[in-house]
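Below are structures written as structure tokens.
In the two complexes that follow, chain A is the common piece, with chain B as its partner first and chain C second.
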Partner chain A sequence: MANDPIHQFQLNKLIPLEIGGVDISFTNSSLFMVLTVASATIFMIWATSGRGLIPTRMQSLAEMSYEFVAGLLRDSAGSDGMRFFPMVFSLFMFVLFANLFGMIPFFFTVTSHIIITFALSMFVIGTVVVYGFYKHGFKFLGLFVPQGIPGLLMPLVVAIEIISFISRPISLSVRLFANMLAGHITLKVFAGFVATLTGAGALGIGGAILPLAMTVALTGLEFLVAFLQAYVFTVLTCMYLNDALHPNH
Partner chain B sequence: MKKSDIKTSDVSKSLDDRLATLDEKLETREKIEEAKKQKPKSDMSGFGAGLKLSSEFISAILVGAGIGYLIDRLVGTLPWGMIFFLLLGFAAGVVNVMRAAGKMSDPYQSGPSMPRHKKDSQHQKGQDDLYDDDED
Partner chain C sequence: MFITNAWAAEEGAHQADIKLGADANSNGVTHSETGTPQGGDHGGAFPPFDTSTFASQLLWLAITFGLFFIIVSRVIVPRVSDILEVRRDRILRDLDEANRMKEESDAAIAAYEQELAQARNSAQNIGNTARDAAKTEAEAKRAAADSELNKKLVESENKIAAIRTKAMGEVGTIAKDTVSEIVKELVGSSVTSAEVSKAITLVSK
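== the complex of A and B ==
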């Protein structure tokens, strides 16, 4: 099924495992998660091993990614947000490497499965809630009470704010997952057109130029989306962490 | 006749006046240049912006419906909780979308600066100035 655009997202059990009735098989998704983590780690360790005053190309790449994430976090959560830097940086590198791995032909896109992105965003929101209560106690609930609202409207507004808060991990995960899924399907569909049209004789080969050009353009766009979504995920993580650090405004 | 007119008016204008008009001209030109710079940024991620706003809206509705359903299951008032919280979910969805589009102040935000606002509102700077929402 070369033309099946969904086929690329199928999970295959590489090493079937089952413990206590729970299926914890090592799948192709797990394999690529391991690859993502390993390559991100190796990249950072190798790039920073020289520790030159004048950075090499790789070292300046690593420094750039550090500065980028540190700047984002400092901008949105203040300098006391830097205690979350290891977590935010790991999240950024994981999502970025997973997205970029997905761009290599025949590779599996880890972030195109909603359970992965949902787990990541629940981790973020869980950190926000736990840290918020740990740091501020019940004052953290002041997050749901905007100032300057007349008393009569208060229950309604608080309910809306709570729903809005709970919807955050869902929109955070759906955004990353939907972008990756939709992008890869579109790419596959247009690439499929090329294959189908070239099979339809001379006229088809002429017609195949259009989807081919589209595929090339979409590939570029997908690289952009891969980076942009990692960026968006990181920015929103920083903003939510800011709520945990400063719930009273 | 005309030439001399222009000359005298030029001379009669003080240097300050001429500097002021020059400043104005430069400002308008800078604005145009900035707008040119910012345009491609908003264009390239139109698809992304659409996905982002729709996910904000839909997730709030789903959460509202889910909460309503759970309350109904617990209390046993089947249609009413779901109806009420679904409507609240719609309201929260609108709030989410307006916040994400930078058209409403975000009561959560108290950090030094807001990169999300900056990034999101690049293509609608004019509107942002009108609403003047993120001056903490």
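== the complex of A and C ==
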């Protein structure tokens, strides 16, 4: 029980709430969403409070994250994609801070729940679809009709394009969710070995060195994954937004 | 601390949950070690797939992320882009200023070079003029001295010639006198000057 690797993903009601029979309690997940948003906001505002011409370290960090996301968006969606910058930047900062919060022991990982990552990716895809139809009307459907395909293959290619488009929110959400979930479970399992082995006497303590080393290494890897998944989520968001802006690829 | 009690919504035991939440607060971390009554849930619902928690998660995500989105688009993005814009403008302005100053210094250098060339030219001119003037003057003086000398030379030559002519003219007389004297001494008689002249002419032939 103590080493149950699934336990860390459980939700507890901190403030139970219920409206119309629907449970909307303020949970540990909600608390960490609030913390994520608060710390990201405080970081960005406090770091830039000097508004220095020559940035301080913190301001430089804030500017770097801004320019990093702006560079990603401009590279994949062009300069007219910059209208989506606030959205992409919020997504990046939210996912990054949520992932990094999850790395602190005893802290809850917001992004380890599929419903959260799925909601975020539906937000992205929803924006793509709504903006695509708003901007291009029915020409947006040209997204599913690549140019230079012989007529005979067309139905097949269009079907593939539609399936790949529909699978985007699923792959986008499952990628982030599964990475965070699997990483945290692995970490917990190896850390659990250390605890179990040290309880088994002198030999066990000697044997615990291996899983301990593994835990340390995995912690480093998980920090990388935390950043990398936020990055991947952002890059894919930018590419999907590019489809909304320029459906005729 | 935050990962203590399982949701246990399917049991509908909300009251119990509240109590457990309070327990969690009082017992702290140790609570996760002691094992929770709803341990049996784990087999039933893997927490990420427990649909009973979805409504709450979605609602709080919408609230927090929505708020964050508004803060980002209203405050953070304008703020950071403003800082970056100001910096870019400043750098461009500084570069322009530097270019302008460089042009100015180039112009100053060119003006200096031109002035220098001009000064050199005029110095040369002045030198040339002075030299020419000095040369002409010297030439004139030399010419004057030359002509003076020539005049004096001619004068001297004339004088010499006159003296010589005079002297030559007098030589005859001297010779005549000398001859008449010599003859007078030798012969003891005087001879006429006509005879002497005749003799001299004969001798000198």
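What we mean here is this: the second predicted complex is superposed on the first by the 249 of 249 C-alpha atoms of A that agree within 3 Å, B and C clash if a C-alpha of one lies under 4 Å from a C-alpha of the other, contacts with A are read in each partner's own complex, and residues count from 1 in each chain.
Throughout what follows, a contact is a pair of C-beta atoms (placed from the backbone, for glycine too) under 8 Å apart; a residue touches a chain by one contact, two chains touch by 3 or more.
Only a predicted model underlies this, so the values are computations on that prediction, with no experimental measurement involved.
Of the two partner chains placed by superposition, only chain B is touched by A:H246; chain C is not.
By the document's definition of touching, neither partner reaches A:L100: not chain B, not chain C.
When the two complexes are overlaid on their common chain A, residue A:Q10 makes contact with chain C while staying clear of chain B. When both complexes are overlaid on chain A, the residue A:S25 reaches chain C alone and has no touch with chain B. In the overlay built on the shared chain, the residue A:A230 is in contact with neither chain B nor chain C.
Once the two complexes are laid over each other on the shared chain, residue contacts for A:I170 go to chain B alone; chain C is not touched.
In the superposed model, C is the one of chain B and chain C that contacts more residues of chain A. By the touch criterion stated above, A:G78 is placed in contact with chain B alone, chain C being left untouched. Note: no residue of chain A belongs to the chain B contact set and to the chain C contact set alike, using the contact criterion stated above. Contact residues on chain A toward chain C in their complex (touch as defined above): 1-2, 4, 6-14, 16-18, 22-34, 36-37, 40-41, 44-45, 48, 51-53, 55, 59, 62-63, 66-67, 85-87, 89-90, 93-94, 106-108, 112-116, 119-120, 123, 177, 181. The part of chain B that touches chain A in the complex is made up of residues 44-45, 48, 51-52, 55-56, 58-60, 62-64, 67, 85, 88-89, 91-93, 95-96, 99, 107-116, 119, 136. Those residues of chain C that touch chain A in the shared complex are 1-7, 9, 14, 17-18, 21, 24, 29, 32-33, 35, 39, 42, 46-50, 52-65, 67-69, 71-73, 75-77, 79-84, 86-87, 90. Only residues 72, 74-78, 81, 143, 146-147, 156, 159-161, 163-164, 166-168, 170-171, 174-175, 178-179, 182, 221, 224-225, 228-229, 232, 235-236, 238-239, 242-243, 246-249 of chain A touch chain B when the two sit together in their complex.
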